[in-house]
Structure formats: structure tokens, C-alpha cells
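The same chain A turns up in both complexes below, where it pairs with chain B and then with chain C.
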Partner chain A sequence: MNSDSKVTTSPLSSMSTPTDPDFKQQIQAICGENVMSCYQCGECTAGCPAAFSMDIAPNQVLRLAQAGFKDDVLTSSAIWLCAGCETCATRCPRGVALSKVMDACRQISVAEGKVAKDQRNVLKMHEEMLRQIQTFGRVHEISMIAAFKMRTGRFFDDVFAGIQMFLKGKLGLIPSVIKGRKEVKELFDKQ
Partner chain B sequence: MTSSSGEWRKRTQSAPLFEKGLETKRPSHWEEAWIQTPLSLRERVGVRVKNKDYRMNYAYFPGCSLESTAKEFHNSTTLVASALGIELAEIPDWNCCGATSAHNLDHELSISLPARNLGIAERMGMDVIAPCAACYNRMRSAEVELKVNRALRDDINSKLEKKFTGAITVKSALEVFTQPEVLAAVSEHIRKPLTGLKPACYYGCLLVRPPKVMGFDDAEDPKSLDEAMKTVGAEPIDWYFKIECCGASFGISKSEIVAKLVGDIISNAKAHGANCIVTACPLCMTNLEMRQAAASKLRGEDLSMPIFFFTELLGLALEAPGIKKCFASHLIDVNPALDLIGKEPVADGAAV
Partner chain C sequence: MRIGVFVCWCGSNIAKTVDVEAVAEAAKSFPGVVYATDYKYMCSEPGQNMVAEAIKEHNLDRVVIASCSPRLHEPTFQRCIGAAGLNPYMVEMANIREQCSWVHERTPETTEKAIELTRMAVAKVARNVPLFQNDIGITKRALVIGGGVAGIQAALDIADAGHPVVLVERTPSIGGRMAQYDKTFPTLDCAACILTPKMVDCASHPLIDIWAYSEVEEVNGFVGNFDVKIRKKATCVDPKLCTGCGLCLEKCIVKDVPSEFDEGMGLRRAIYSPFPQAVPNKPVIDREHCRIFNGGKCGVCQKVCPTGAISYDTVDEVVEEKFGAIVVSTGFELWDHSALGNYGYGKYPDVISSIQFERIMNASGPTEGHIVRPSDGKTPKSIAFISCVGSRDDEHGHAYCSKVCCMYNAKQALLVKDKLHDVETYVFYMDIRANGKGYEEFVKRTIEDYGANYIRGRISKIYPDGDQMVVKGADTLLGKAVEVRADLVVLATAMQPQHDAKDLARKLGISTDQYNWFSEAHPKLKPVEVLTDGIYLAGACQYPKDIPDTVAQASGAASKAIGLFSKDAIKSEPMIAYIYEDTCVGCGLCVDVCPFTAIELVEVVDKERSTRDNQVVKTVARINEGVCKGCGTCSAACRSLSARLRGFEGSGILAQIDALADMVKIKK
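Coming up: the complex of A and B.
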């Protein structure tokens, strides 16, 4: 059958053992979504615009989470390639907001240091963005992209587009800094 | 003024959650200031609509994109608003909403960052208008969560100078400009109908999803933008990708994914006969403009397509003063589409 080839390439078949039966509770504690509601209809995968680039399909993320295959979810590229467009959450017949589950998995993955190697760029970009907000209160594109390039070594990506945007006056050199920076910084501090 | 603001605070603190109809009770000093402005000055600011049967004022949240990469969205929104007599007062000292990064990495931060802006706006006593679809989505999500989750609200409010109690709501520019009374005013004051323009109305993901939170338009087949385009005389096409995602924040970190998605979107718009794409989201605009070349290469077809913000086209139809300056900062030349406007009768041979 054709679907067999799909299964053998997915980590589902190369799985060792479930690593954490409490994974679903951990997800629920963070985002409030019950992954056990999912009955694997596959609507999320069918509508997902980024599914083509993922190593495991969105519905498989839910299935793995149900069965406690924690490491396989946390080290997957799928959780980082979700664009958060909420198509899955809108269409799920069981009302599972997979986009929120993905957020929770990302947070657990960062906390446990299990981010997939080839997806660290996504994490670095998000971190730089948050650092911008923490320092200035707003995002300053030029310094964010410069910092991102410094951290990833991808210096020459989109240089032309960047110059074009700069010439159109779309990238300001001076960051706009807010007065309430202290207040914003406090929001970042966790007690 | 001091007594009225005290009263206002008392009222907002006792206001039941999700209560509608607060608009009528708002303190009206912004409105009064506007009314006191001499008519000649108001004309100069570009007010086209007189004797309008609505009074609207909003706390304006531009967001980081509208300050930089999408400054034409900021300019056109303010121009159209002033042409329609909708008053916008920028939220003083606003901060970034946290965008995708905050809700990917820290749930509480994705609520608390918008909460600060909501607190300031609530003190202004006005509903928030957030033109950027991502800001709108984040602020609306935060608003709904803060209204429902009291414990979280108290916790976040304890860190904030200006507290959010749940008396105001967040609207997108699309929601504000497509209200029936506003569209009626638009159709009355059109100076240049956009006949000949066949836009593909592209909503993207964040404007209408998730429907439980956004509560605006249809999540699978939204029509508000199409309505607005019909009002100004354009003929929006029927196509399949109006709510598909453009890849959003992957524009920087995963540009190959964005190129594929952009290719799908523009190719489908072209196949259905569109001569431009209209959007209400700065992320969609940046991706659709920046990745056009890469998408063309990827699909092996010519995918050059002018992209507009819907406010630019509204402004063009109303001939809001200064609207044409917005087109200069587009990365993709929009003149091929602008040249088509009003050209159809010539093609028939009826006009000379």
C-alpha cells in the first residue's frame, strides 16, 4: 500500500518506547488543551500550509503526545515549522487547538534543551525578537536582523532585499524606544 | 475633566465582562476637541465626509511593522480614517505586542505585553483599532483571555501602571472600515471608482482565526474585504487562497517555506484572473512582495503581481490627499495595476 511508505519514513515506526506517559498532562498544564480528545481524523494535517516541510505530520504530533512519546515530539522539526496560522484549531471537529499544543511543545522543548539542531534558527529569531522588546519596548528590525545574522552566521541571506527596503525608507536606523521600558522589563521577570 | 475621569474609572471597574454598548457612555473629550477645531482646518486635514451619521473614535495601536516595513499601511490608514471622519488617537508610549515570538516561547508574556497597551487604551476610554493583523490577533487573544481568566488578569495588573479591567475591545482596521455605516459613507463619497481593478482579496490567517476569539467575519470564507472592494467599484475575484497562510514570521528564519507558500498564493490569484492582491496584513505584504522573485523561480512562472493594502485602495477611491505617496514605498511596482483603473470603457471603444 502506498501509505506504508509514508509510515516507514516517519519516526512513528522507528520509535523505541514511550518516554513519558505524563506528557499529555504537562501539555494540558501549559495550554489547557486535552490531546486525548483527538480521534486522528487528520483534518489538521490536511489544512496545514506547512505540513509539507515537517518531519512528522501535525496529527502525528498529537498521536505521539497521546501515547507519551515525549522525546520524539520535542526533538521533531514539526513543532518549529508550525506557523501558528490556526487553521487546525479552526477546523478540528474535536475542538483541539493544535496550534496551542504546538506552542506548549515548543516551550517544553526549550526548557528541556531538546530543540532539533536544524530548527535552532527559528528559536534564535524568536529569542532576538523578545530581546528587542525587552530592551527597547518595541522591535527594531535592523538591529534584530543583524543580531540574528550574527548568531546564525547567515550573513548574506536577503542582503539585496534588505538594501532595497532600506532605500525605500522602510528600515529606520534609530530604534524607537519607549518610556515605559522598566514596566515592560518587569513583565519579562518571572517571580 | 478630572471628575469625569474618576467617574469613568468607577464605571469601568463595575462593568460586567463582555458588556456591549459602552460606546454611548464614553468620555467625549477627544470628540469635543475635534468638534471645536475650525472647519477650515478639518478640511485641510482631509475630511471628506460631512454630516456623517456615526461618531467614532479609536485608540490607535500602530505596532512595530507599521512604524517601519509597512509604513504605507500606517499612512493610508490615518489618511482614510481622517477622510471618513473617524478619529484616531495613538496609544501613548505603546509597546510591541510580542508577535509570534512571545506566544511561541512564553504564554504569559503573550498576554501581558498587549495587556499594558490595553490598560493605557482603557484609560483613554476608547476601543482599540489595530490595523496590523498580527497585532490585532495578539491583542484580541489577550483581551479575551484577560476578560475570562480573572486570576491571570489580577496577576498581570499587579505589574502594570495602568490596569486593564475589561471595559474596551480591540478591532482591526478592516472591521472598523467595513462597518455598514462606514461603507455607506465611502460609497457616497467616492471620487474615483476603481473600475477595471480585479483584486484577489487576501485575508491571510490571523484576521479571522481562531473564530472563537476573533469573532469577526467568517473563518472559512470571509467577505468583508470583498464587500469593501465592491463598494469602491473594483471587481474582487473568487479564488481559493483567501485565508491561506503566507508563512508569516518564517520570512526571516525559513524563507524557502515562505517562497513556496507565496508561489501557491500568487499563482492561484493569477489563475483566477486577478490583476492585483489586496491585503490587510503587513506580514502578508512583506512576504508577498519580498518573496515574489524567489517564488517565480521556484514555480518557473512569472508571478509578478502588485500588492496593495486595502486602505490604500479605499484612499485612492476617496482621493484622500497624499494617498499617492504611499505607493512610492512599495517594493513591487504598483503602476501596472493603477494604470488599469478606469480603462475598461476605452477597451470597449466607447470612449476616445
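Coming up: the complex of A and C.
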């Protein structure tokens, strides 16, 4: 499936890509969710606030995972555009936390180098955020934005929003730190 | 003549658009009417009391109720005036609701029409004559046609209530389809473990006679009094002498007859019992394959039989028996998928039907429960189950859903995983219809715990590649074409009526639907009855059903028969047809049009042309009063006005038309 495309379903004409039947076990090993529980009712897609921007719908991510179309999932934009709001997980009648499945798919996608080209900035944002937590125990917005912009070269994006946030005191100049920084560091070291 | 007219408001149903008081007022001037009134709910208790009191007070001898359809409340008012001392058939309904107030606005014309309808009813009731019900005796003995689980259950229920039952089965053993199954969804009870005890109960029940290898030839008569001819096919084995030792089966030299019971997956002999737990456990000789009956020399079975039970010169025997009720439980057939070119016309040995797979899984089946491919006996590593093969498919004559396939697909996909742990299962489906107690949960279990790969889509083609079958289909949830390579393909073929269901329907005088399933009297409120009284349906001869539904319906049919037998006599309906023999010319037109086969032609003495010395005989039609439903088709068809309907005589109908014509004339 072409990750650049905005089409949510591909026509029946193309024959299938090779499948990996172990993909569902791989997901389950990471996040504990059994994708086979999904019966494709579509409630996750219906409630998803980000579905409009995804190349494949959230329920299709699950269906592709069930059928073992691993590359289609790993190269999709959908797994990166998921905001992790957990609306899907809250509403799923079969108790499948799709948000966790999305997380697992992101991890596998990174590990196997399958991240879609146009979604790599999202990955960088994630990485910078984690670095912040590793350093301060929480996010210091200004330094995170600075680091993100240095990595992506997109210096002038969202400048106006940044000024407004600063004026409202949302962006503190001095980073605050948390008490359990040692414990947080241990968590990162465990990985 | 003293007629009373009662006009009903039906709350606001009639009064909203019809001036009911004006109707009652107008009725007072109709010929013969001595009393007329209106009331809010004539069918209510005060309303009925009002009618009864008026009958006494005004000495009424006929009554017209101007209200709703006679289909709704005619029986109510028949009972009402009957209790007040009149003959129940001296009431007429003027339908001023369905045929007037509900279909018109409130205008003067609407009230006028209500008055005209009431006037017509008055004209008719003036010509009504008292009618009387007759008592008809009942033979308290039931016939059950078909010895599957439905017939077995119905026979046991009726016999347990104390009535004798004859259970007719055309194959050599009762048990039917259920005896072929391995396990049953959703509880996975072994089919034989729960069925064979019931079969034995039937055989040992003092009130049940099992007539296996027999078929119904002819059915005459009516409710409580059926005369049935049953052909007992020649088995060549004397059931009284045969002990069921099975020696003849072992020694028979014809060994290559495809077994019907194993759906062709195994072989049987020419003298055979369908399966080891058969009831009755007496073999029969299949004359089509036995050498003796095909010009060959043999006679081995006769020689080895230790009790001398076998003789080759037995003939079919036709017996005539009387029954009061008939339960039809003839079951279904499975569609032959060899009509499907894109699935290989049935020529690939590893593309089998679900019932064949059932036999392969069954521990007492041809492979003793080992799951192997028919082509080479190898254990399959991947199996594709295909739903809706012929079902939900107008092009192949089954627009309906076969109802049970979703569940047995899930069952087979689960059981096969239990036996072969490393097998991959694929189930192609259009919808999963798991609407029964514990069914949805069962499918969930198959998918989640037993790892069946469910793919939503139909199959376009099945073809061999190497020693595997390629199943080309679609995953419509993905919008992708998919291919599955399977070692074995199992087709859930459509359930369809028995090939000769139409013949049996004709013998019984019952109707069938467009597919030849037997038609029930009412899809919701009379699901086990048919339009002919005394005949009840049980099981899949009516429509595809699973075992729980079949058994429930069989008990329902049995309770209807028991209810019938709880009376010593039944009341005949007096509003039925009769033949005025003086003018009947015996043309037989009424015989042809009668939907209930209630009319036959008989010869009677022609009184007009006969003299004392010379008796002249003529042919006339005769109504079987027990069968006639009073539909009036014969009286509409009769050219000499000889077929007449009691309660709807020509004189009454013409009086109605005259009354209407009079009123129209007055208006002009």
C-alpha cells in the first residue's frame, strides 16, 4: 500500500503482497493485545480524531495485522498519525486496545527500518521527547522545540503559535526537574 | 324477522371519520331492523353485554355488527350471540373500519359508505339460516414420516403421552443426518452419544413401531381420520429371524458400493446396515448391486446366515393404516457442488463437502477419525473452509441462507485444530451468522483460541497447483485479492429440500414454497401447522434448521398432535362447501381448483332419470367435509351453481348487491 496516498482502501485488482503470519504474535509479545479478537465492526475508525489524515483506517491496521500484511502496516502513515488518545481502546466492544497495537507497530517499524519517509519527523519528535524525559524527568518545551528544529531544519514552522504560548507562560525558560530523576534514569538504562 | 344493528366507534378508529350515530339512526329504517344503537367499544365486555341484553329485550333473531373486519371479531360476536341464545351464524359483520374509516377522510361520503355497507350486511343477515357443527371422531394414533432426530423426538413425545406411533423411514435405519455428524456445536457433544440412546428408546418403546425401509405411497382422509398406504420395501431379510449378528455383511462378495452413510468416502457391501449402531439393526439387500438380482450367481449371505433369515423372493408389501395425525419430518438434502465449474465440478478429490469432512472427522467414519486427504491419504497442513457454497446464491437456486453452515464451519475449524495442532485453518465467509445460544461465543473461541483465519469474501476459483489446491478469493475488509494454498478444501454446500419433497406434498395435500420447502400455516403464529388440519411439520423439511431448533419444533409438532388426541371428537366447521347434486353435471372443475384436495367425483343414482326398474347412474362432485376449509373457490368456479358455500349462499350475496343497487338508485 502506498503510504503517500490518501486513498483509504486500495482496489481489488492488485494481488496480495507476501504475508507474515507471525506478525500478530510479534505484536502480542510487545503489547499483550490479541489482534484476532477484532471482528471489524469499525467503531475505532468511527471515533478516531486522526483517522481523516491516515492513509489506512484504524480498523484496517488491525485487519492487515490479522492477515499478516506486515509491511503494509509498518510503512503506513496511520501508525504515526495515531495520537494515542485511546478513544478506540475505550470504545472497543472486544476490548482490543488499538492504541497499544499502534505503539507496538511503531516500535517494530523503527526496529526494522520501515518508517515511512514522510513520517520520519514524527519519529524525531518522539525521540526528542524521550530525551527530555531522560534528562529532566519531564519535558522542557523550549529546549525540546529547539532540538527538534535543529534536527529537522524546519525553523519557521509554528513560530506564531510558539510566541503565543510563550506570552501565556506555557513555555518556561528554565527547565524544572523532578525528584525521582535517578529512578527515571534507571528505567532508561533497563532498556 | 327482528334484526338488531350495533354500530361500533372502535374508540376513534371509526368515529373519527364516520358519523356513527348517523349510521345507527339510518339503520333503524332498514327492512327488518327493529333496533339500532352505537357504542364506543362493541367488542368489550360492556359492549357484548349490550348486544346480549338487546337480543333479550327486543326479541332479536339476527344481528349486524358494524365494526371491524370479520377476520378479527366475527368469532367474538358468534360466541356472544350464541351465549345469548341465538344460532352463532345469525350474525353478520359490516366492515366499516378497514374498508371505510381507515381508508377515507371525514366527509359525508364516508358516513354514506358506512351506511351502505351496513345496509348490505342487513340484507345478507336477513337470508342467513342457522348452521350447526358436527362431531367427527378421531383415531388416536400418529404417523411420523422421516426418522431423523425430528421424527425420533416427535415419535417419543407422542408415545410418551400414551398414543401409538408409527415411525416411517425410507433408509434401512433411523437416525438421519445427525447420525452422520461427529460432534455438535456449540457444546461439542458427540452426536452419536446423544442420538443413539434416543434411537434405542424408539425401538424399545411399546407404543412406537419403526417401519424402516418403507415409504408413504398415498394419503387420503382428513384430520383425525387419515387413511395412509405405506410401502414396506422388500429387504430380503426376515426381521423376526435376523439377530443382527452381521455375518452376512462380512461374507458378502460385493465390496465396492459407495456408502451413502459415509457420503461416498467409504465403501459398503450389497447386503448392508448403514452404520454399526443402526436401529433397527437388521441389514437389507440392495437389489441394485446384489449379484443375485443382476443375473449373477451367489447366495453366500443366505448360506452363512445362522438363522436362515435371508430369502431372495420377498416382495414389497403395501399396507393401509388409519391415523389421526401426521408429523412430517423428512429433512433435507445437500446441494451437489459438482454444478460449480469454478470450484472444479467436483472433480478434485481434495475439494470435499462439509458432510464428507464430518465423516472423515468421525471416529466411526471411513478413516476412523484420522484427518487425511482423500487423494493421497496425507495429513493436511492447511485447510480452507468455504461458506455459502450455493447458499445466498440466486444463480444456483438458493436465494436463502442455509443457516447452520457458519456454525459447523466454526466447529470443524475448531475440532480439526484439536486433532492436528500444526494445521492452519482458513474460513472464507460473507457474514458470520451465529445467532443461537452460545453460538457467537463459540465462533469467538474458534478465532481467538483456535487461531482460525477468518477472511470475509467469496471464492472465485479453486484449482490445483502441485499437490495443493489454490483458493482464489478476496478479503473485502482489506480490499485485497488473496490466495490461500490449501491441502484440503471443505465446501459448506447449501441445504435444499428432498428431491421428492414436492411428490410427498402432493400426496399429503400440503403446499410448498418456491424452493419446495413445506409451507407452514403462518410463519409466526402457526409455525408447525400446515393449512391442512392434523398435519404438522418438524425439522428441516420446512426450512434449514440446526439441531436445537429441529428438536424444539419436533416437540411442538408432537404437542399439537397430543392436543388433538386429547379430544374424543372434533367439531366440524359448518361454513363449508356442499354440492347440490340435482344440478351437478360432474364436470370436475371444482376438483381441479380445490386447493385442499377436498373434492372427489363419485357415482350416484340419478333420481330424475331412474325408474323403478332401470337405475341410471351419474357422476357428481362430493365434498369431503373434514378437509374443506370453506374458501369458496369451488362455488366461484362451478358453472351450474351446484357447488355452494354454507353461510355464503348465492341468495345472500345477491341480496347484498340488490341492497346496494337500491341505495344508489335512491341517491340518483
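In the analysis below, the second predicted complex is superposed on the first by the 162 of 191 C-alpha atoms of A that agree within 3 Å, B and C clash if a C-alpha of one lies under 4 Å from a C-alpha of the other, contacts with A are read in each partner's own complex, and residues count from 1 in each chain.
Methods note: a contact is a pair of C-beta atoms (placed from the backbone, for glycine too) under 8 Å apart; a residue touches a chain by one contact, two chains touch by 3 or more.
Keep in mind the model is a prediction, meaning the values are calculated, not measured.
> Taking the superposition on A as described, I'd like to know which of chain B and chain C A:Pro49 touches: first, second, both or neither.
The first partner, chain B, only.
> Per the contact definition in the header, classify A:Lys179: touching chain B only (first), chain C only (second), both, or neither.
A:Lys179 sits against chain B, while chain C stays out of touch.
> Which partner does A:Ser37 reach: the first (chain B), the second (chain C), both, or neither?
Second partner only, chain C.
> Just checking: does A:Glu86 make contact with chain B only, chain C only, both, or neither of them? Give me first, second, both or neither.
So A:Glu86 only meets chain B here.
> Looking at chain A, does chain C or chain B touch more of its residues?
Touching more residues of chain A than the other partner does is B.
> Touch check for A:Asp22: first (chain B), second (chain C), both, or neither?
A:Asp22 contacts neither chain B nor chain C.
> Figure out whether A:Asp118 sits in contact with chain B (first) or chain C (second), or with both, or with neither.
Neither partner.
> Going by the contact rule set out above, which residues of chain C touch chain A in the complex?
Going by the criterion above, the answer is residues 424, 432, 444, 447-448, 451, 453, 455-456, 474-475, 477-483.
> Where on chain A does chain B make contact in their complex?
Spelled out, the residues of chain A in touch with chain B are 30-31, 49-50, 52-53, 81, 83-87, 89-90, 97, 99, 103-104, 106-107, 110, 121-127, 129-130, 132-133, 137-141, 145, 148, 157-158, 161, 164-165, 168-172, 176, 178-180, 183-184, 186-188, 190.
> Across the complex, what residues on chain B touch chain A?
Checking each residue of chain B against chain A gives 64, 67-71, 93-96, 98-109, 112-113, 116, 156, 159-161, 205-206, 209-211, 219-220, 243-245, 247-250, 252-255, 257, 260-261, 290, 328-331.
> Which of the residues in chain A end up touching chain C in this complex?
9-16, 21, 34, 36-37, 39-40, 59-60, 63-64, 66-67, 69
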